[in-house]
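So that you can tell them apart, the chains are marked A, B and C in the order they are listed, and the count of residues begins at 1 in each.
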Amino acid sequence: MSAGVGVNLENLWIRFGDFVAVRDANVNINGGDFFSFLGPSGCGKTTILRAVSGFLEPSEGNVLIGGNNMKGIGPNKRPTALIFQNLALFPLMKVWENITFSMEIKGASAKERRKRADELLDMIALTGQGDKLPAELSGGQKQRVAIARALCAEPDVLLLDEPLSALDLKLRQHMRSELREIQKRVGITFIYITHDQGEALTMSDNVAVMRAGVIDQIGDGKTIYNDPSTAFAASFVGENNVFRGTVKKVIGNEVMINTNRSGDLMARISSNNVGKMKEGDDAMLFIRPEAFSLAPLGTQGDHFVTAEVHKEEFEGNVFNIFMEGEGGKEMKVSLPNLGQSFESHRGEPMTLEYDVHNAVALPAGVLATE
Amino acid sequence: MKNFSLMRISIWVYLALFFAYLLGPLVIMSVTAFNSPGFPRAAPWECLTFEWFSALFQDERILNGIKNSVLVGIGTVILSVAMGLAGALMLTQIWPKLRATYYTIIIAPILVPGVVIGISTLVFWDRVNRMLGLDADSFLSSGLFLTVIGQSTFIASYCMLVLVARLQRYDNALTEAALDLGASHAQTFRKVLLPFMRPAIASAAVLAFLASFENYNTTTFTFGEYPTLTIELAQKVRYGITPAISALAFIIVLLTVFAALFNEAKIRRQELVAAARKTATVEELETGKLRLPGFLSSNTAAVLLVVVAMATIAVVGTATVYSPAQCIADVKETKRLETELRIQELLQRRADEAARRAAEEGEQSDQAPATDATPKPSNDSGFGNVFNPGTLQDGGTETPEEEPENSGSGGVFDPGNLQSN
Amino acid sequence: MPRFLREYFNRNGVGLGSVMLGLVLFWTIGLIILPQLSMLDFSFRPNLPPPEIGGPKDVYTLENYKYLIFGPEGGSQDYNAVDLKVFYRTLIAAILVTLFNLMLCYPIAYYLAQTKGNHIRILALMLIIPYWINEILRAFALRIIFGETGVLNNLLVGAGVFDTPFDFIRNDIALYAGLGYAYILLMIFPIYNVIESLDRNQIEAARDMGASWTRIHRRVVIPYAKPGISSGCTMVFMLSAGALAAPQILGGPSSLWFTQLIYQQFNDNSDWPQGAAYAVVLLVTCILLVLALMRVFKVNMGDIGK
């Protein structure tokens, strides 16, 4: 297939009365990418999707699809297909009629449509189920029918609005890989909306992290996870332990932060913030649970943390240790299960060590609330 | 426990009385359609007859009324379902601050007396007509147009209520999905929204037609040169009633019962099928080997439907071969005899009186047979006639007893009664 | 184009949106608002032959309303006693019919709503069937029953309750029975709908705590069913007060219903403005009465028609 059609958002503003739903969004989505908008509910990601599909007119700025400005073009004239959160399968049409609805609109014959429906049913592994009604399918089957219906319209861009949220956990994980598989096969651009960072990271080529109408960071999964550019991105994507404090000293790409509870700690400055952190600034230091390792009790230094153990959990692949953290929040440490012996230290202090490269320093900002 | 059963009994008694009040009049009215006297009555029973049905079908005004009613009904159904649907759709999208006001406006016609709607329609369109400088016999002042407009004013509100109930369960994402897949707004409306609304539109249309068909209060001001069936009936009922109206009522009752039972049976059947599908296993569904319940099984309405249908066939069958001429002739004969008897009695009495002015015996003997004549025995003979025409002659001998009461009071309302019998 | 209109057309399409808007405007303005205003306007005008309409004599006047209160000018009486009495009696009778209907229907609605089983559906069907039959025919059926030689008189005389047939029609009993009969369904359904949504456990709980049946109804069911009750009462009252067929067919010769006066003004006297004035009086009085009752019982307009 071709490289696909890109989507560009240029200085996009969307307002509802006084409320700003999207604030100056600038995004370039490459053709053929699996691109996710990741953010908590109400952050404006669905609004962006509706602006791309044409259900919403931007207050300012432009939506470009394949380089063409979409201003004034209705949803039925855009080369996009949307998969709705609740799927929106037509309840009174049979599965095959649902799938080929876009062809019916264009006046295709029933025979043609039936043929195309069978092809698509094969693709989504629902061979021979075309004569059922949507209500007679299971959740995952409905999901696949919705995808087939959207693909049948042969869109340049497929938009997916949290399509997996209604499924149970196991099916959700299965559908993730299936979606990615389908995307690779058809090679068109997918724009995916989710609040589940696991979905975003596993499937996407690139992810945009959104908060309150603002896009905080755009990057591939690894970058977002390892090198977040805002405190929000750091705390929203994956689990993270935060240490608040002020910048004490900047040494090249690294910084020493005087933390409120663990003294001076060293960290790497996130690459988007290099040169932006000055001495005396409020700062936050993030260390992932898996970035810690055990150290001899009481070891002092700029990459050692000592705290009391509150709770211990064995999760199989990891041991989780919850330690006294900041502001009443627990600090989580995950140690890989390598067959080592593990004694309980509940109620006792414990010292942990981390690699400075794995600790990210960011200017203080809003954290994601669980 | 004793208390409980006492309550149960009183509930059942109450229900029985209530439904007797509700259905009794219809039953009695239906019965009168088959009784031969010219004034509709169930008792005393004279002869089983179907003549009122043929009288009905020969009545030009009734037939014309039916034609007009159907015309008006079709117009009203189209206009009020269209307006009701538009009104319901608007209700779901109107600016929230305006919603309460808008709802009040479109629901108000239900509460406004029909008389008022009729008058306002008449007055308003008369004025429009004059403002446009049209003649008094223009389309805008024709009875057909005014009646459709007047009825639709409030029938659209009923339709709106029915439609909005269904519309509330409509997922707007379906419209968006269709648009997104390239459908135009009109295609979306036709292919997605309309099929979803179809059951509600069907009920709204039926409701609208029935409401239009039976409307009197509004139509009586607007009908002009197009009297509907209801108007014709009202004229007839107000100025003398005949069993032909009962015959019409019986037909309508029967049609209604049919429609209601059919609808109920269909719903019940759908429920049963849905239940069967629900409990069925996946394989059963997939292989199509699911055993669906039969039409009649645990479906009271379906059973009743079949019973009513068979009863109707039986009655119609009887009607085609049955001739009440013999019975009517018998009744006529007995009446003639009775009249003769009376005349003779009278003559006798006069003679007696003339002979013995002081004696009061004559009056006593005159009253005795009258008090004896309770309607009951005549009723028995009447039903006997229905099932066994062979007993006609026997029945004839019994009938004299009912006569005094019949001819005595029946004449009060309908002087033609005596002659016609 | 204002923003809300543009959004409206974006959402519905220009063609479909225009048709929809057109229909709604035609209905609300052309069929509901303007005709009522037109009738109101008409009621303040003198009754003129067509050529003089719009002429110098066509001025606003209170004549038609005065007529209802004071009768014809130069009449023998101070007040229009006949028409006022009819008006007053119509309202009182409509209220009585409404109350009678409420008492009759509440137990039925409660029973239907709180009992499970197949027979309930059949009962509901039996309720609906009479309602599908022409209003005139329903009145006609009662006429057969209440007539002087009707079934009821046959029964009563036969049973020896009366010596001579009782004139139900002249005594208005047939009329009240007919009005009550005509609107049973409109009373039952709103009440039924509300009670059906009442959690049966609430009743069980109240009974569990030893409440008597009357108390359960007074404290639990009736307060809950209030919107349905007021909705039913409003409809029955408005329809009874505005009924025309039943009074014409079942009313005695002396008893005129107020709607019959309106009918006479229009059809027999050809005095449209007078009829319009009477119609306005009927409409306004009924609406005020209903609004007052809704205020007293704290019910909203939105509950009507549910």
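In the analysis below, a residue touches a chain if its C-beta (ideal position, glycine included) is under 8 Å from a C-beta of that chain, and two chains touch if they have at least 3 such contacts.
These numbers were taken from a predicted model, which means no experiment stands behind them.
Chain centres were defined as the mean of their Cα atoms; on that basis the chain farthest from chain A turns out to be B.
A count of contacting C-beta pairs for A-B and for B-C identifies B-C as the more extensively joined pair.
Between the Cα centres of chain A and chain C there is a gap of 61 Å.
Note: centroid distance chain A to chain B, computed from Cα atoms, is 65 Å. Centroids of chain B and chain C (each the mean of its C-alpha atoms) stand 20 Å apart. Multi-chain contact residues of chain A, defined as those touching 2 or more other chains: 74.
For chain C, the set of residues that touch two or more other chains is empty. Residue positions 184-185 of chain B each touch two or more of the other chains. Within the complex formed with chain C, the chain B residues making contact are 11, 14-15, 18-19, 21-26, 28-29, 32, 39-43, 82-83, 86-87, 89-90, 93, 95, 100, 102-117, 119-125, 127, 130, 149, 152-153, 156-157, 161, 184-186, 189, 210, 213-217, 220-221, 229-230, 233-234, 237-238, 241, 245-246, 248-249, 252-253, 256-257, 259-261, 264, 268, 300-301, 304, 374-375, 409-410, 412-413. Here chain A touches chain B in the complex through residues 53-55, 74-77, 80-82, 84-86, 88, 90-92, 101-102, 104-106, 136, 149-150, 153, going by the rule given at the top. The touching residues of chain B, when paired with chain A in their complex, are 171, 173-174, 176-185, 187, 191-192, 195-196, 277, 285. Interface of chain C with chain B (complex): residues 4, 8, 11-17, 19-21, 23-24, 26-28, 31-36, 38-39, 42, 50, 53, 104, 107-108, 111, 118-119, 121-123, 125-130, 132-145, 147-151, 154, 158, 165, 181, 184, 234-235, 238-239, 241-245, 248-249, 259, 262-263, 266, 272, 275-276, 279, 282-283, 286-287, 290, 301-302, 304-305.
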